[in-house]
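For clarity, chains are labelled A, B, C and D in written order, and residue numbers in each chain start from 1.
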């Protein structure tokens, strides 16, 4: 789960990481009012759950309330990579002497958290990683010990020569890891961590992604979820325990199992079609899930046909077929549906499916081809 | 011979009285697995299907029945503890089916399991089947299998069923089929299984089923070139997956430019390993690469 | 460092371990008042930092305020193993169906904390350990993982057959370990942990010893130190960074180093004398420490002679000698002193010591023998 | 040959600019120890006595000077981190002089050190001296030593000086003298050192100096009977120590009936090991037990 910059900064602030004063505004007048209150130059920053807002014009300096209002006006409602900006963060501008990159990720290869840091901060860290990998310092954190003092101290010394500044950075490294650890994050990042001309160290940006599997014990983070910033289909599917991702094609896909769902999308593409979505309904034959899945897909007006690909496995296919029939009867104005069902009691299942107006397919290849054809 | 499980497997089911645990225990028994014991705290002394003894702790189950393998069906918040319990009780091979285990918990559990000398398969995996021995430790549907000489290793669940089904339909039997799981941190990875297949006399060729996210497939490709004499056919799901979205599995996510299907396919092809572009190509490619594959 | 039962119960209560209501009283009337307030049978328990108070008559049941007053009167001021009772704990009596022993110690052999538990609680656990070792269950706790749920569950099942009771015990096991861990304890013990006829589990006694080396970060525990309950010599020596333990003999000992100090005491005994104390002044030649050491020893009127045994080591002996002279000149009415000084600049040291009226000795054996003789 | 230290020792001093660190560094240098580097965070780039380079981190000291042994003089709250830093930097042998390290910290540090393949001596120990090689890593006064064939291992500080002084005064030289430290949890115990002395060709006889608290001496007695061919003379301090009182050292405490000097002396005598009742008996006993001991 992703949270906004202003929310990540709240988590950092609670941990004791220095961040500049700032508040969120949902209207130009609120932004102007905040600018007035701070009484100095502020930054107006688009709050969207996607990177690249700077290049899209979503971050602007404002000297006075009038300018704050103007910039907020231009940023609010802006579309950044398909997401609409509903909130801006109004935050005090900070003088910058040096920018540092600091991030913690859960590293799959070492199976431990890794702290990545670079004295070349403020830029796209993936570019640095590609072009100048030696500019990135990596510190693997033993999950049983956390960040040890000698580690944060040594890393901080790599980032800044001034011992007084390095000491501040060492503390921030430990606190960033604490924030990462305590919130079950998969990523916690400060880019840039700024050293001011006066030698103070401040986090002027903040990014935190949290492990979805840990949300059951991260109530405070879960409460930060911004439903207005996500696809309504994703919200709906999450509530039903489905997994849904919208794509831009016209062949809707309903599949049981994530790997099979991806392989089905890939096959649609291979045969010249365009998948409209990823949708994994899991192992159950519960008709409610199928109804929800159909409704979510039908919410996308570009969908021209739907391919349902179920590998029955241990689930009995006749059960699945009954669920499908019940679901299809509850939903109106369905575009053509192609069903492929394999597994125990497959024959009985095909008999049951005769009750509804659908096309059946014997194999995945066959089903995909038919669905693409029907989408034309 | 199969890998990891076989005739010597004596299985204890952790969470045997739950909905999934009891259902799949019956399935495993029906296939032929030597199900020695079940564990559900507070239900010790009972019996599953009137014959399999249930214990309060894994340690007791091991003491009383000599169980050497465990499968875990308990809910995600309790699965890390169940894994540790099995390792602490001396279980050598632990299979965790449970989906949705927090990654942070796995980061702590994995060194625990290793320090006790155990091997973990999963979590969030469908388990393992040895068709020749008729042994299953997991949730895979047994009807799709056929004894043979192809080792299958996969990060996926139903996609594995589909691909194994296609192999069997084409007359290609399997030595062992292993689902390593779709989570970011797992106990056993491709390389571990590839090494075992290399050493397994029954296995003549290998199918590797990967997906987007991480670099396990790239590392597997490097390992195959250096260490494997047996032919491998790979398949990677998720070529159409967008960046930054979790595709069902917790581990199936493209981060920035890393973990894409394209990058993984290229890694295999660079290493001279055959990659099937669509599922139905796998069986023909296998037959082409290995004369030992029947059908 | 040892703390009183009522203080240990405060720590347990803060951790969520069930303990009966209770408060401390320093006078019979306060005890009577507490009994009135609770309105039911109470137990009056001597608060002394030593075991065996039950056998000494320091624990009594009181049905009403009058009885509470009487018992408090008899217990307050009582001498238990040389310690005077200044406080009693007045606590509600609990019905007992079963008594369990539960303790956590830092185990030197395994270098980990070990939880010890026995269904035979309420008795001297060392006796159980000797006579029926199989009645004690031991659980080694990996310091990197703490008590895992399966461990506390399994241990609790060994202690009680009723699953509902065992669940309560499992929680208490985890909380007792948490109290142990969070307070840097070397021992945390509940004896007995009581199961009531209604199936509730309650800690009716509590004992916590804390690692002295960790007191710098255990401010809350350090504040619990009861100076009135310890030897004033120990208090004084701790303030000066010395280590002092009073014994019952008449030969005072001042030694640098703990091992050498013990060996010196032992040698006094071997040669027919009785050491009056253990006193380690550490590696320093600071005259203030020697002054303090002398004053502490002189506070004991039974001391008839003092043996000062210094193995100079790296410290120069002439420095030590100057410190000794300064110290002896600051203290009046000193019993005969024997000094043995060995190490660098030993000869100069002996010259310096001629300024004061003391006996010198060439070896430890010689010094001990002379001190014993002078004590007669 | 000596044990643990010798001509190959390249020492880094952690806390070299502190009061104790600088004093003892000068002493070690004067004796002949190869002091390769010092470490004090924030003082990297400086030099000790105008010649020994000082670094900010142990890792850098190891990289630049090839240091393989470390000695720690930092204050107790920071000592556990210093030990971990040394182990993480690949230092094989770490000596921690610091007194007053919380026991809980040591319980976490010890597995860390082991998992990195390092050995820790201490904490709260006087260190180690090899008189034949003129190498000292610690705070022991060098004037008391004489090269020879007796290995000394002790839980104590000044008592060790006293006893070594008596050996030397009686013409009995030492191969290596090791202070294992007086804390309850230590990195290297009697058995570890006894095993090394047994394997050390230079050592012909062993003096073991124990004290009250714990069961290390009892276990050492058991180990000696089973595994040692060389004669051992033991001495135990604290026969007059009362129960429940910490006698200076954190580890020197009799708990209930356990950890008494009586119990330890009995364990040695049962095992047929000579026990000196008073310090001055040690040298004569040694000469009686071993013809190899000169003097």
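Everything below uses one rule, namely that contacts are C-beta pairs under 8 Å (C-beta built on N, C-alpha and C of every residue); 3 or more make two chains touch, one makes a residue touch a chain.
Computed from a prediction, not measured in an experiment: that's the story for all the values here.
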Indicate the lowest number of steps between chain B and chain C, counting one step per move to a touching chain. 1
More C-beta contacts across A-D or across C-D? C-D
Distance from chain D to chain A - Cα centre to Cα centre, in angstrom: 56
Chain centre separation (chain A, chain B; CA means) in Å: 28
Hey, how far is the Cα centre of chain B from the one of chain D, in Å? 50
Would you please write down the residue numbers of chain A that are in contact with two or more other chains? 144-145
Touching two or more other chains in chain D are residues 108
Quick one: in the complex, what on chain B touches chain C? 41-42, 56-59, 78, 81-82, 84-85, 88, 108, 112
Interface residues, chain A side, partner chain D - complex: 142, 145, 148-151, 153-154, 157, 163
Spell out the part of chain C that touches chain D in their complex, as residue ranges. 50, 106, 108-109, 111-113, 126, 143-144, 181, 184, 186, 211-214, 216-217, 243, 245, 247, 255-263, 265-270, 275, 278, 280, 311-314, 342-344, 363-365
Touching chain A in the complex, chain B uses residues 23-24, 27, 76-77, 100-104, 106-108, 110-111, 139-141, 143, 154-162, 165, 182, 184-185, 209, 211-216, 219, 235, 237-242, 244-252, 256-257, 261, 277-280
